[in-house]
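See the structures that follow.
What follows is chain A paired twice: with chain B in the first complex and chain C in the second.
Right after this comes the complex of A and B.
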């Protein structure tokens, strides 16, 4: 075992190498833009230079002169596409601001024309030769711009149910012995997956094939079919590998149906690779947020009052919000809780999911405030969490299915050397470097959604699993192969996994960290159907009940399939057994399977899991060094200890958590989309100016996986962890900066000019 | 010095063939154009967007193309030769996903015109493994789980091989610094450092 492949503890699978490893290191893994097309027309987008107003006129004369130009599509000649409903309101679309429908412009970077040409170079040149006359209005950029409209989130979108509250916050806060009231801010951020937003489309008669990076091929298929007004079964989305997504490829963006309609008109495949800067508007982003957190506690640290108010930016077209109060109001034991979330509309593109959408901004606020409270109480911040730890959330009194928060803190603290910390701010130094230690809680809702799979077992032990899951770097191929191999008792090398294709049985969006729990639970169930047929053949009189458990899953029987499989096949007189099955989690609504086939998600879990509440937990520890002269900030050490139920594969789990911790550091120190407030325009829309960590920014990162078993969540026992690593880390960094410098920074990102000491 | 290995003579050869090719159209074979005098100029009426013949030597094979003169090595590989292992992540030389080796040096193929790479030996991710036998750096990336989504991986591996051969893989700090031109948004960085360390001795001894 190596650092990259940690030895499995209790309730963990084997750290086998990735199923797709060879394809990825040899360049044979085919991403969307790698798919060969016959004589495609290359598309290049022309996007709006203004954020609000209208196009008065296009002068296409120079563009049309460029050799190889095939067509230029604007709102004046674009095909009418059916409107698409917003993803967060039960639809498919990332935005309802459908471009090319009218001359109106509602966001900077809105697609206003598409140039098609025989070569990429000609399309690019012609796009730059399109001359546009605008009538521009003054846009509203963000919170403090004039013209914003704020309204309570409740009632504006289906995804935000209510503002959680319990008890009497006002009274309890007033009576508290210690009070904290502070405001926090997080900036806009863009996912910037390495893979660009590419879309290739090809028609064969009235059937459409789409090659596009997608976290939800069934959603994309149904969404595009809706917009084109065609039968969804005529749409085939193919996407075996996604080059990073982080939420940006979960919902349908306007570009896909536009490319499909142009291709239909041209009777020719179309290939679009939106540029990096266009990507800042082509898809979604994490909007900026503001928070006011008020905490009241008794002198022993016991929380008596907690209030969290959040403000989030959205577009004029759509009410989007992440509403992280659903988690921050339930994280600690506190009898009096209040919360309120506001949506503030500006002239921007519609925001969307970005890795741990609610938790990154909302836990930054809460976990910073908890650290402030600990200092005011002169209490160790870990002890403050211990005093307020609970197995029952305070809002509805529901029990956590399992909660290893303090075990994570204790193991993490030991490995990090937390005890060596002198709790006084500015008390630790190494030459000109001020040293600070900080910690924070991380948690992420355990979520599941209905899925279907087909499993084929051959007499010789070869297995084929088909499920429209998504490989976004999460190790989907690998863990699905492991689930099937374990259940059917074959070596994992014998399992073929086919995913990323909308002709396969549907799986939910690879979002909300539900993927492993949902797909593995489903594959295990269908493997058990195969098992049942074999076992029946082997034991005709008792086979019906072998391996059945009351929950509908199945346990291992004593029968050894690996020894008796061939005999069972012979008894059945067949060489192949194939089973199809549909699985849904406890508490999923009655229309789950119908919705699943329509490309709609019925996700349950987290705070909405029947009479229970399900979360994965962890503890983040950070050492920062702040140069007392230059104020340079370095993070020499990051450590995270995590418990997330059954770990399918400690190797892929560790890598995702490690990447998450690094995202957390980036959230604290690097990432921010800079907005030109005069024009509501993103300024640093490229990878040189939008700061993401590079290798030299990231030294020592340690991940500790704790053993945890949870039998109440799903048959696989899995709590998703893809978004667990990057929650709370931003607060841990700021808490460490406070410890190093005595300065509390409440507005991200922390850049050296913000350090004043 | 043999003309074939003299970069100076090859460089001027290339410029000549480009000028002549642009002037003479696409149909002349390479040898005929090479024989023309170096003073050939582009007539002012010549449309510079006409395709030009370009021969790219990739992974030991010559590829004769007829492409827009503005085509980058990256787009030539991906759109015209069919080698899609090299990836486009920014098209601005900011991310490193397109990194290939040209004469053994790591080069951002999105910032390199195909015309300027003629007759130079280009090595891409597809040219590393010997049949089923992986290059030591490819194996090290698997062993150390040095990728997640895999999109930056071809560029990381090409860069890592050059990093070792440049002598910049002596310690962790050097590896981090000299691998910082390749962004990994999944942030597999510590594992990438481990992979470079693992493969370095074998590459240097081989």
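Right after this comes the complex of A and C.
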């Protein structure tokens, strides 16, 4: 075992190498833009330089003169596609601001023209030669701009159910012995996955093939079909690998149907790779948020009152919000809780999911406030969490299916050396560097959604698993292969996994960290159907049911398939057994399977899991160093201890969590999209100016995986951890900065000019 | 990016000849229709962004055998313009005798870029002002003379506080130039009317009313190399930025000292990340010379270095940061073991 492949503890699978490792490392893995197309027209986008107003005129004369230009599409000649419904209102789209329908402009970077040419270079040159004249109106950029309107989130979008509350917050807060009331802010951030937003399309008669990095091939297929007014079965999305997504490739963006319609018109395949800066507007982002957190506690640290109010930016077109109060109101034991979420509309593109959408901003606020409370109480922040730990969430009194928060804190603290910390701010230093330790809780809802799979077993033990899951770097191929190999008792090398293709049985969006839980539970169930047939063949008279895995069942480690596979096949008289099955989690609605085939997700979990509540937990520890003179901030050490139910593969799990911790540090110190408030435009829309950490910024990351068993969540016993690692880290960094400097930073990102010591 | 003709120059005279056509248009160098191509890490970048639009480029990489040499002779350091940043940074003699040179190069860009980029191209790199680099902004006096300056009241955290004008506040982004200007380097220039040598301090121009004119090079002229007189073992480059590597300076200081028995006999101070051009803080140096060094003196010197600095809405912090960087860098240079 190595650091990268930690030895499995109880209830963990083997840390086998990634299924797709060699393909990726040798460059043979084909991403969307690598897919060969016959004689494509290359598309290059022309995007709006203003955020609000209209296009008065295009001067295309110079552009049209560029050799190789095939066509230039603007609102004047574009096909009018069917409107795209917002994903949260029963549609598929990331935004309802559909470009190329009129001269109106509602956001910076809106697609206003598409240049098509025989080469990429010609398309780009012509796009640069398109001259646009605008009439610009003054846009509203963000919270501080004039013209903003805030409205309660409740009722504006289906995704946001309610503002949780219980007890009498006002009274309890007033009576509390210790009170904290503070405001926090997080900035806009963009996913910036390595793989750009590419779309290649090709028609064959009336059938359309789309090569596009997607976290949801069935959603994309159905969405594009709706916009083009064609049968979804005529649309085929192919996407074996996604080069990073983080939420930005989860819903359909306008570009896909536009490319398909242009291709249909040109009778030629079309290939688009939007540039890095266009990517800031072509898809979604994490919008900026503001928070007010009020905590009341008794002198022993027991919380008596908790209130969290959040404000989030959305576009004029769509009401989107992440609404993290559903988590922050339930995390700690507290009898009096109140919350409220507001949506503030601005002249921006519609925000969307970005890795741990609600928890990253909302836990920043709560976990910072908890640290402030610990200091006021003169209490160790870990002990404060212990005093308020609970097995029942306070809003509805539902029991957690399992919760190892304090075990994570205790193991993490030991490994980190938390005991060596001197509690006093500014008490630790190394030469010109002030040293601080900080910690925070991390958690993420355990979520599942219906999925289907087809499994084929051959007499010789080769297995093929087909499921339209998504490899976004999460290790989907690997863990699905492991699930099948375990159930069918074949070496994992014998398993072929086919995913990322909308002709396969549907799987849900690779979002909300549900993938492993949903796809592995489904694949296990279908493998059991295969086992069933083999067993029946061997024991025709016993009618025994083996290895049934009712959801919530605990039969993962059931009896072995003690039979001679080849004999069973011979008894059946076939050489291949193939089974198809559809699985849904406990509490999934009645229309789950129908919705699944329509590319709609019926996700359950977290606080919305019937009579229970399901979360994965962890504890983050950070050491920061702040330079006394220059105020540079460094993070020499990050450590996270996590418990997330059954760990399919400690190698891929560690990789996800490590990446998450790095992201968490970045979300405190580096990542921020800067707005030019005058124009509502993103200024640093490139990877030189939009800072992500480089190796030198993250010298030492340690991931500790705790053993945890949860028999109430799903047959795989998996909680999902793709989004667990980067929650709370931002608070841990700021808590450590407070410890180092005595200065509390409540607005992210922390830049050196914010340090005043 | 627009289509362009590509020429490869076999030797200096062929390069000069190929570039001669540029003189005719008499555009400022940066807008010249014919551009030399060295490592291409600035030029191709800006061409892809449609900021620079040369009709032709002349690849001068074949000149490397003669123009990439590095030598330490008669106590002077001679650096060929085609020497790669990585090679110079890794040169043990330079690390020992000119740490400020080696460090300014080592702390710049990334390993890949330093392998490609040349010293000549490096000193001519252009500002990172995001409004300059994004042609969808109409207003940029540097790119589009007379159009205004989008940065002035826009997002200007990375912009300059020294040497600014009401036409342009763009920061000169390079690190190596600070070492050159601090050490009184000279630049060798070759053009169609022969060769000339000028002090490095005369290569760049402040923006004034014509921010589009960045250097005193004539169109068609090439830099062939740099000469640094003397040796400066007690020298250091301190660079402060938001992340620890692969980023331009928010503030930096190139320091070179000649110290005997705690008294500063000669001092050189140049500032990066804060000025519109490579910036020598001569008044600050004067304060230091002949004095016994202590931290209070360092702070006084730093104060003087930023006299006359003026900030816009997001870069006020650079004045205080810049002073702290100067004081810290002086302290580091003083305490160096040499």
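Simple rule for what comes next: the second predicted complex is superposed on the first by the 739 of 757 C-alpha atoms of A that agree within 3 Å, B and C clash if a C-alpha of one lies under 4 Å from a C-alpha of the other, contacts with A are read in each partner's own complex, and residues count from 1 in each chain.
Everything below uses one rule, namely that a contact is a pair of C-beta atoms (placed from the backbone, for glycine too) under 8 Å apart; a residue touches a chain by one contact, two chains touch by 3 or more.
All values reported here derive from a predicted model rather than from experimental measurement.
Trainee: Looking at A:678, would you say it contacts chain B, chain C, both, or neither? Reply first, second, both or neither.
Mentor: It touches chain C, and chain B stays clear.
Trainee: A:696 in the overlay: touching chain B, chain C, both, or neither? Say first, second, both or neither.
Mentor: In the superposition, A:696 touches chain B and chain C alike.
Trainee: Answer with first, second, both or neither: which of chain B and chain C does A:121 touch in the superposed model?
Mentor: Both chain B and chain C are touched by A:121.
Trainee: In this superposition, which partner touches a larger number of chain A residues, chain B or chain C?
Mentor: Counting residues of chain A touched by each partner, the higher count goes to B.
Trainee: Examine A:241 and indicate which partner it touches, taking first as chain B and second as chain C; both and neither are also allowed.
Mentor: first
Trainee: If we overlay the two complexes on their shared chain A, which of chain B and chain C does A:5 touch? Say first, second, both or neither.
Mentor: A:5 contacts chain B only, not chain C.
Trainee: Tell me the contact category for A:14 with respect to chain B and chain C: first, second, both or neither.
Mentor: Neither: A:14 stays clear of chain B and chain C.
Trainee: Could you look at A:669 and tell me whether it touches chain B, chain C, both or neither (first, second, both, neither)?
Mentor: Second partner only, chain C.
Trainee: Pick one for A:688: touches chain B only (first), chain C only (second), both, or neither.
Mentor: both
Trainee: For chain A, which residues belong to both interfaces, chain B and chain C?
Mentor: 121, 125, 686, 688, 693-697
Trainee: Mind listing the chain B positions that touch chain A in their complex?
Mentor: Answer in residue numbers: 47, 49-50, 67-68, 70-71, 75, 78-79, 82-92, 94-95, 97, 124-126, 128-129, 134, 138-139, 141-154, 157, 172, 175-177, 179-194.
Trainee: Using the touch definition from the top, list the residues of chain C that touch chain A in their complex.
Mentor: 1-3, 50, 128, 130-131, 133-138, 150, 153-155, 157-158, 240, 242-247, 250, 317, 321, 324-325, 327-328
Trainee: Write out the stretch or stretches of chain A touching chain C in their complex.
Mentor: 47, 49, 121, 124-125, 128-129, 277, 629-632, 634, 669-670, 674-676, 678, 683-686, 688-689, 691, 693-697, 751-753
Trainee: What residues on chain A touch chain B, complex-wise?
Mentor: Contacts found on chain A: 2-5, 17-18, 20-31, 33-34, 36, 66-68, 119-122, 125, 192-196, 241-246, 273, 275-276, 471-475, 651-652, 654-656, 658-659, 662-663, 666, 686-688, 692-701.
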